[in-house]
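In what follows, a single structure is set out as structure tokens and then discussed.
By letter and in written order, the chains are A, B, C and D; residue numbering begins at 1 in each of them.
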Amino acid sequence: MPYFIGVIGTDGEISEDIRKIAEEVGREIAKRGGILVCGGKGGVMEAAAKGAKQNGGITIGILPGKSRSEANPYIDIAIPTGIGRARNLIVVNSSDVVIAISGGPGTLSEIGLALAEEKPVIAIKTSGGVATLLSGKKIRDKTIIEAESPKEAVEKAYRLLEKSI
Amino acid sequence: MPYFIGVIGTDGEISEDIRKIAEEVGREIAKRGGILVCGGKGGVMEAAAKGAKQNGGITIGILPGKSRSEANPYIDIAIPTGIGRARNLIVVNSSDVVIAISGGPGTLSEIGLALAEEKPVIAIKTSGGVATLLSGKKIRDKTIIEAESPKEAVEKAYRLLEKSI
Amino acid sequence: MPYFIGVIGTDGEISEDIRKIAEEVGREIAKRGGILVCGGKGGVMEAAAKGAKQNGGITIGILPGKSRSEANPYIDIAIPTGIGRARNLIVVNSSDVVIAISGGPGTLSEIGLALAEEKPVIAIKTSGGVATLLSGKKIRDKTIIEAESPKEAVEKAYRLLEKSI
Amino acid sequence: MPYFIGVIGTDGEISEDIRKIAEEVGREIAKRGGILVCGGKGGVMEAAAKGAKQNGGITIGILPGKSRSEANPYIDIAIPTGIGRARNLIVVNSSDVVIAISGGPGTLSEIGLALAEEKPVIAIKTSGGVATLLSGKKIRDKTIIEAESPKEAVEKAYRLLEKSI
């Protein structure tokens, strides 16, 4: 059974640096045979899905709206939910572990939901945004795990999963 | 792009007759290259997913709870939502058309949600339950399409999709 | 502790007859000190809320969108959910019993959700739509209770609640 | 039309200091005629609701589960949603502004959702937890507003609302 790795981060425009980080995270997930789960839209979600597809990975996009056409072109399985931002919970619940790359308010909500649902969260410290703000921070009894690079993030994700499940 | 065909119906124990109908619906969807979407649990959902897998189809299960292990063994992509019966809306929104087989209250809710979200609903008249009760009935300006057999149901689904999309 | 009585039915334009039925249901609920719960929008929801307010009742509207201004003018407590039609589940879960007046696809989904969540459903037989179609029908092991008039519907609702709780 | 003020924070056991802060926030909201919205459960939610009720305020609790009995004793209007943590979005969408007191993962998710839904968030800096961690921080283009005391938090909330609406 493959693992489901959630990738969360900025929607919309992202810098070239963040795009590279997200693509590499996607690639690393695909190389290890993981299934990439994300919110299905642009920015980090699109770059990560692109990276995964370039390595033959499978990608799932949990969309806020009702139309499959909302999904970025690298999503294999688009799930239009029609429940708006409540879909953030489903991104988290469909993932065994979550990797945060940059990100703003939506990503913040997904980190909170992931921790609340007992999913480990790994934040790429060098990616800016919410990931930088929270990487290494303790939220009550849970620590948001730091990673310096995409590779380290995916390695840490797999190490956690292989231990825990 | 393959079509996403929703199959809705009784959870839990089902008769041998209903099981055969559901399996055949799954098989017919897989033969045409469709992706089967369902609620991921037992009864009609399990039989339909089994039928699809036996013909090399792909199956998606949108689960009410938080654990992937809730899914029946024939589900390829399990989506644990953690939103309880509100997941019925997501089953519907993830489907291009919905086929109803027997069914009780949950199926009734999915038929209503599908019609409200402008998805065609095909009910197998001979399968009992809510499908028999409502097949051919008009709900405001929308008719629940009658099918006499699994094959006819899937044929009608594809005819509708090929016309409309 | 007052009871929470859900009123479900047609959104948008309704006939004078249906409007009178819905208003009377609202009035009867208010007279007995019940809190009226509905989807907060027009048609049956607005008429029922109006009837309740005219008798000093309290009204709650669970809205699909994000803006309180979506609510009809007779709603005291508007709850904008932002989860679209998944809010139908919340209308049902916030009610101790549900009364259906006329109605189309959305009402059909609410009847199904109410039965699935073990809430009694009373349908006013003379109100047309889904209420007429399903009043007295058995869905698996649950019967949609018939009522001939608004008064009878509310009386039956209270009789059930006083027995069960 | 009164304002709806969301109060978010730690569920379960809280210290005496946090309890006092939450109660005072509730009292201040009630004094100004605001309606207090919260997640309906224990800890900060219960203390804030208690403070509001002691000043004749109205309190709404949006519950994750299906049973009204989940609500703390100071909730006037309990809304059982049955959608688990997706109810966090509804707490936010039902509020015109949100005040954060201490808090862990759930509160973190609500701060993110509130900012994403364009609701101002005020965090009481001295209350510990997520409120202390994030007060004054900028999440993309939005700042989580600092408040030194319950009174200041409610004053800032009203100043914002009176300007913006």
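FYI, contacts are C-beta pairs under 8 Å (C-beta built on N, C-alpha and C of every residue); 3 or more make two chains touch, one makes a residue touch a chain.
The model shown is predicted, which means the values in this text are computed figures rather than measured ones.
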item	value
Any chain that touches chain D and chain A	B, C
Inter-centroid spacing, chain C versus chain B (mean Cα positions, whole Å)	28
Centroid spacing, where centroids are CA-atom means, of chain B and chain D in whole angstrom	41
Of all residues in chain B, the ones touching two or more other chains	66, 82-86, 89, 117
Touch-based graph of the chains, sorted into line, ring, star, complete or other	complete
Parts of chain D lying in touch with chain C, wherever the complex brings them together	4, 35, 60, 62, 66, 68, 77, 79-83, 86, 89-90, 93-94, 117
Contacting residues of chain D [partner chain B, same complex]	66, 82-86
Complex interface listing, chain D residues touching chain A	83-86, 88-89, 104-117, 129-130, 133, 137, 139-140, 142
